[in-house]
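So the structure is just underneath, and the comments pick up after that.
Labels for the chains are A, B, C and D, by order of writing; each one numbers its residues from 1.
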Amino acid sequence: MEKPSFLQRLIDSMSRRSDSGPRAVARDSRRVASICAALLSERGEISGARLAREAVEAYQSLDGAALHAFFDVLADEFSPDPETVGVYADIYRKDPTQYNLTQLQRAVEAPRIQLLRRLNMAPGGTTVLLEMRRLITRELRTRPHWVGIEADLAHLFASWFNRGFLVLQRIDWRTSALVLEKLIQYEAVHRIAGWRDLRRRLQNDRRCYAFFHPALPDEPLIFIEIALTRSMSARVQTLIDPDSPVTDPSTANCAIFYSITNCQQGLRGISYGNLLIKQVAEDLGREFPRLGTFATLSPVPGFRSWLTSFANAADAHPGQAKTKEFLVQLERPDWHEDKELAADMQRELQRLCAYYLLHAKQGQEPLDSVARFHLGNGARLERLNWLGDTSPAGMNRSAGVMVNYVYRLDDVERNHEAYAREHRVIAARRFEILAKESLAAPQEARKSKRAAA
Amino acid sequence: MEKPSFLQRLIDSMSRRSDSGPRAVARDSRRVASICAALLSERGEISGARLAREAVEAYQSLDGAALHAFFDVLADEFSPDPETVGVYADIYRKDPTQYNLTQLQRAVEAPRIQLLRRLNMAPGGTTVLLEMRRLITRELRTRPHWVGIEADLAHLFASWFNRGFLVLQRIDWRTSALVLEKLIQYEAVHRIAGWRDLRRRLQNDRRCYAFFHPALPDEPLIFIEIALTRSMSARVQTLIDPDSPVTDPSTANCAIFYSITNCQQGLRGISYGNLLIKQVAEDLGREFPRLGTFATLSPVPGFRSWLTSFANAADAHPGQAKTKEFLVQLERPDWHEDKELAADMQRELQRLCAYYLLHAKQGQEPLDSVARFHLGNGARLERLNWLGDTSPAGMNRSAGVMVNYVYRLDDVERNHEAYAREHRVIAARRFEILAKESLAAPQEARKSKRAAA
Amino acid sequence: MEKPSFLQRLIDSMSRRSDSGPRAVARDSRRVASICAALLSERGEISGARLAREAVEAYQSLDGAALHAFFDVLADEFSPDPETVGVYADIYRKDPTQYNLTQLQRAVEAPRIQLLRRLNMAPGGTTVLLEMRRLITRELRTRPHWVGIEADLAHLFASWFNRGFLVLQRIDWRTSALVLEKLIQYEAVHRIAGWRDLRRRLQNDRRCYAFFHPALPDEPLIFIEIALTRSMSARVQTLIDPDSPVTDPSTANCAIFYSITNCQQGLRGISYGNLLIKQVAEDLGREFPRLGTFATLSPVPGFRSWLTSFANAADAHPGQAKTKEFLVQLERPDWHEDKELAADMQRELQRLCAYYLLHAKQGQEPLDSVARFHLGNGARLERLNWLGDTSPAGMNRSAGVMVNYVYRLDDVERNHEAYAREHRVIAARRFEILAKESLAAPQEARKSKRAAA
Amino acid sequence: MEKPSFLQRLIDSMSRRSDSGPRAVARDSRRVASICAALLSERGEISGARLAREAVEAYQSLDGAALHAFFDVLADEFSPDPETVGVYADIYRKDPTQYNLTQLQRAVEAPRIQLLRRLNMAPGGTTVLLEMRRLITRELRTRPHWVGIEADLAHLFASWFNRGFLVLQRIDWRTSALVLEKLIQYEAVHRIAGWRDLRRRLQNDRRCYAFFHPALPDEPLIFIEIALTRSMSARVQTLIDPDSPVTDPSTANCAIFYSITNCQQGLRGISYGNLLIKQVAEDLGREFPRLGTFATLSPVPGFRSWLTSFANAADAHPGQAKTKEFLVQLERPDWHEDKELAADMQRELQRLCAYYLLHAKQGQEPLDSVARFHLGNGARLERLNWLGDTSPAGMNRSAGVMVNYVYRLDDVERNHEAYAREHRVIAARRFEILAKESLAAPQEARKSKRAAA
């Protein structure tokens, strides 16, 4: 029988490992091991949620060395047996029937995945497992052998958090404080300074939507913030100003997606951003038939660090000297409030940013992570906004520049295909012109361009 | 790139297959194939739920030959490549790192599972997939090559319908008619004759609970019916009589579980019965502290057919002749209403039934499916009730006999272990005595017993 | 102090009255009296809902003579003192200030109303009070002195059940069985034969709406049933046939209101029918923009008894003889299935019915109660349907005739005003023509008409 | 007919009045008058909620002079006719039957009450009427003739907001921000400084409950704040400190009611405080069986101003000089932080406060409004807490003193009766002793006391 040996191995190995550590670690690990073992045994099958609850509580009491010992055991010893797997793979290779396939699939499943499934039966189990993956992911660089647990959790989550099970909910001032508080805490793009700030973002000319999973009713998985405006916004400070006047949303013709935040580090790699944007755009279009433009107001978060690499690159580009000067200026606090200086820098930085967005690559895709996301979703790079975000974060990462990506629902599939197959950046004509004139452009192109201008 | 070739293969093979069939089949299959292909392509990633909805609609329009053609394609051609799998298995066999394991696990996943996951994104997708498995399971005998799809669906469902995501709900007269109607339709143990019959089963001295999944709010997965009584019930007709007087549940000391029904054929093999019984027993115990006994009133559904096999067995047991006589009597309609005859048969049939429950085996487990279920859950076989169920079904399958299995929450783990390890049937002493005296018992045992009696 | 004397009087008088009756009555009445007295005392103010609960329980234990004794006490002795009221009225008459008015208003309020208000604080209190009014109203003819209690309850209910507090709810197959069961029980126009019958009335091409009060979540106050059809329905049997095919509601152009039922006898005289019809018409118009006609399919419940009075009237109208013949035919069971006979009667009965609807009066309003209701709401009498309702009730009361009243929301105010001021029956031209030709019409009119025809 | 004349009078008189005012007032008043008139006419009956909505909108557009003109019309001219009332009163005086009573009751109802009832049918109507009473109440001193409208509204509200229709809800961090924000805004006893402050008051060892009416789901009518503690709290600053550690509520033995706030000025005079305290005490007692003490921690809001009156009273009491000295000290900011001074004052101020609570009267009841409330509810004055509230408000009104009133549910009825009949202050023995020793006590009592001490 497979299971009893598994549980014995679990207890043994946790005890063995913790022999070398201090006593408390040894004792704690042994306790968790024995409960988890029980959970995997027939008792686990038969005792229902009770044993799962105990196991979760025991697990949660672990920390530091004991927790690491527990992960080590899960990672190292509870993988499928290589020989057995090999035998089933050979059988399938020789006789690739569906039956042989199912046998092989069963053989390659790690025994630990059953433990993870049973832990989920405890109240709050899902939250515990999300947190487990967050912890493991964080340490993966130094403990690469945990990748198997990480992959098992990722596999479970991809299945459990299937979009078909998520619920889209509007978040407004009627939402519970418990959830609203989490928006303040999670918001990753434009910091929410407090309740007054949040309140403005939930008023009548703003919208906020989130995906929830029924097992985590108080935990948004991802949320998006939208402003309903009368033209495509260029500056984010205007949008999030808590004292800005509230306008009548029925007169709006633009929906500006100005912030989108993934809340759960435990769901890393399982993205709902694309689905959320599109469903929200559809829903808003139905609610407000006058809306003609669905666009983001987005940072260019990799721009400034690319400027630095460009300036310091080994290939001695003629634009490097000038760029270095800019970088010095950019270090000055509040340089953008010096009107003259800002005007001076505006022309060249816009050109460089356009060049960066069109030509700086990571493999075949754009170097800029936000650009990768929206272009990959089938959006179009529409407009560059000088000093669109003058917050410290905006200045440090994007040199204050923001861009609008436009989502035209009829075009996203075509755009996406062009992007996915040919790695084409769909952008307004203006970007190409700016990029050609930039200091980073190949010199001949630039010269001819400037001559022509 | 893997996906485009997959979609091309899907279209090709569906077209090819249906060439031989009539034109409509060909056309339908091709349409579904092309939508499913799109769903698996980049467009599927990018178009969100819209394409999934189209694919589900297209799939639902298939029937007969076209549906079979679709399943054939999914089954035969979209399994992982045996060679590739073999290579990864060899790598893992040689160097069993966690990384190599995750690579192998990815390789053995059938490409079709991604299609199933995306279909689930459509509204109603989960229901469609449950129905798909039901259809496939039904035909598995004649089309064994569909077992791969069946296994993939089973794997998804085991994950999606994890107990941690299910919600226990009490069902009563406040429940929606939409759900109540399904109880009438699904009830598998003691037929619900109509709304009046159902109403009685939901009154104050009765309880009904079901597990629901958030994605299927109107679909019970499994439900259980309980009577709160003042002693352990022996006859089910009394319990389900729509005209029986309603008693005050706070005076009850027994909770009798008289019916438990799995509703979803698409979830076959994924059982919640054990968990449901135990959670309900815990909850009832809290609500009614006077409850001291938690017991079933259960049929013995394999008894009569075992009697037949015993009577006709090749090994010429001395009890066979007498048993054959009983079987003839049992054929007479309403034999049990003939008091004399019934009294005459009662003694021997009870003994035979006890023998059947204790000694008739399928492998090492009891032959009786209901006994297997409750004993496997850790319950104890407590009492045999002569003429406990005189409905046609009860007479035909159980020769009218019912039994009580008792769930003592403190004992179930120990009982279960004895059952699982030693295949011991935990039963009241009386059963052993009856069995020894039965016509089926080895003759010497029986004689000595009868002499002693 | 006013209250202690009140409570003493209550106890005294209930004791006194029940002295003459049997002992049990005396004892019961005394118990209720003392609890009610306490409820009205300072203890009532201070003990909150607890005392109210006891009082309601004590009240509910009363029956027969004890209940009557209780009502007698409430009715006879707990009215405001005539002298005191007279004094305040004189003051107000002499000096009609607002302050004097409020003093007078306070003086004319019966002390018992405070008791009723406090009983409402008990759980289920509102239901108990509704039932109290139902009982009292039923006996009012023989016990006219209870009219004061009745009026106090009516006054409270008019205030409590203000339309602003009611909630319109759609009722469908998702509604709880507890509520659905009440539809079956209350339906007053076209009997619901059982759950299958009800189910058909709740399917996709049917609608049912009810008003609920938050304190009575399981009790519809009034409900209306609607069929969404492709032309104005003429026959109710077609609409309520449980086997009729379900059609797509989005293709309907007519909403036929075929049944409206007041559920609470305790709310007699407080009508929501008009408000319900109009709100539902507005809501349906928004949901199904194609709906062009909102009409009823209504009985003519006073027609047959009017025919009898007409035939037997003292004024010796020439049409009487013929009408008597019809009445004899109408007695024959299933006369309408005799095609020849029915065809023969159709012409004259239609004419008589039109005459009845236009000219038979109760005061200045139509004699027919259903006509009074819909015309008073501003509807228009549109069409007469021969053999529109061949159920026993339909034949007995309406001689099988049904009519359509049309609600055109833009016209209802104007129609209502014409009806309310000039008692004008707004009807299709056809009715006037038919009426003029009828046997009941003044002879000269009829002759000229027939000559012209 | 009564109504048309009413509407004509309304229009006429509003027009007349506003002739003298500026044109806009005249125009606005006329518009509202004509809509209200329509609402009271047959159209009002027939048009359902539509006309009510228009009327509410028109009313809400009024302000300043136009609003006053509208109230004047309602107040002065739409009272019942004094002569008619007089006639019905005479009839009832002569022949006091129940029928004559109901006629009289109908006659004294002001016609305007029908208008108020119909306004309530509009969405948001109840809120508008509550606000109407708030406005009128505020101006009642200068416009005493509005008392009739005020009384009509009060009468409606007493009926509509019957305790039987209110819903008790726990308020915690899961409650909507919309409601929580109102707690911050309404809190009348111990200011909530912001969301962080509020959050602490809703944590696990705190409770907050409110009564809601179904028609106002976002508006608490009254709310109460409770701390679950391990002894009877003496200092409120400790309880409301946002940084205080959260304790386990299951270990608490005291429930301290430290704040109770009526939220709706429009409901002035309709109190739920007593009912709320008792229901919450019952509910908490069930949830936490260890709770033995239910007590308030209350201010003594009239203490300091009574000290001043005492010191300045004309009757030249020997304690006046010393008291004046205290009052001078009390003016010093932060006098209580001067340990020596505070110690010096403590003894005498405690005595004076005890004297104030036991002997300072308004009529036969305590002068202190908080004492009147809790003693009237049947609570017992238990303990005096020196420097229990050192906030500016606490120092200014109560000289920093707080007291505990204890609610023992078994005693409240008896206590209440002693209070209501004999005006007896139920207090711990200690208060009498302190009071006798106080500077305000009659001199002989005090001397003998001090000698004895």
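The working rule: a residue touches a chain if its C-beta (ideal position, glycine included) is under 8 Å from a C-beta of that chain, and two chains touch if they have at least 3 such contacts.
Keep in mind it's a predicted model, so treat the numbers as computed, not measured.
Following the contact convention of this document, no chain is adjacent to both chain A and chain D.
Greatest centre-to-centre distance from chain A is found for C, with centres as Cα means. Copies chain C and chain D of the same sequence differ by a rotation of 180 degrees once their CA atoms are superposed, given in steps of 5. Separating the centre of chain A from that of chain B, both taken as means of CA atoms, is a distance of 41 Å.
For the pair chain B and chain C, the distance between mean C-alpha positions equals 52 Å. In terms of their C-alpha centroids, the spacing between chain B and chain D amounts to 62 Å. Shared interface positions of chain D, defined as residues touching 2 or more other chains, are absent. Touching pairs of chains, sorted by label, consist of A-B, A-D, B-C, C-D. Within the complex, the chain D residues that touch chain A are 173-178, 180-181, 194-195, 199, 218. By the touch criterion stated above, chain C contacts chain D in their complex at residues 42-43, 45-49, 75, 79-80, 82-83, 85-86, 88-90, 92-93, 96-99, 101-102, 104-105, 108-110, 117, 120-122, 125-126, 144-149, 151, 155-156, 158-160, 162-165, 214-215, 274-275, 278-279, 377-378, 412-413, 416-417, 420.
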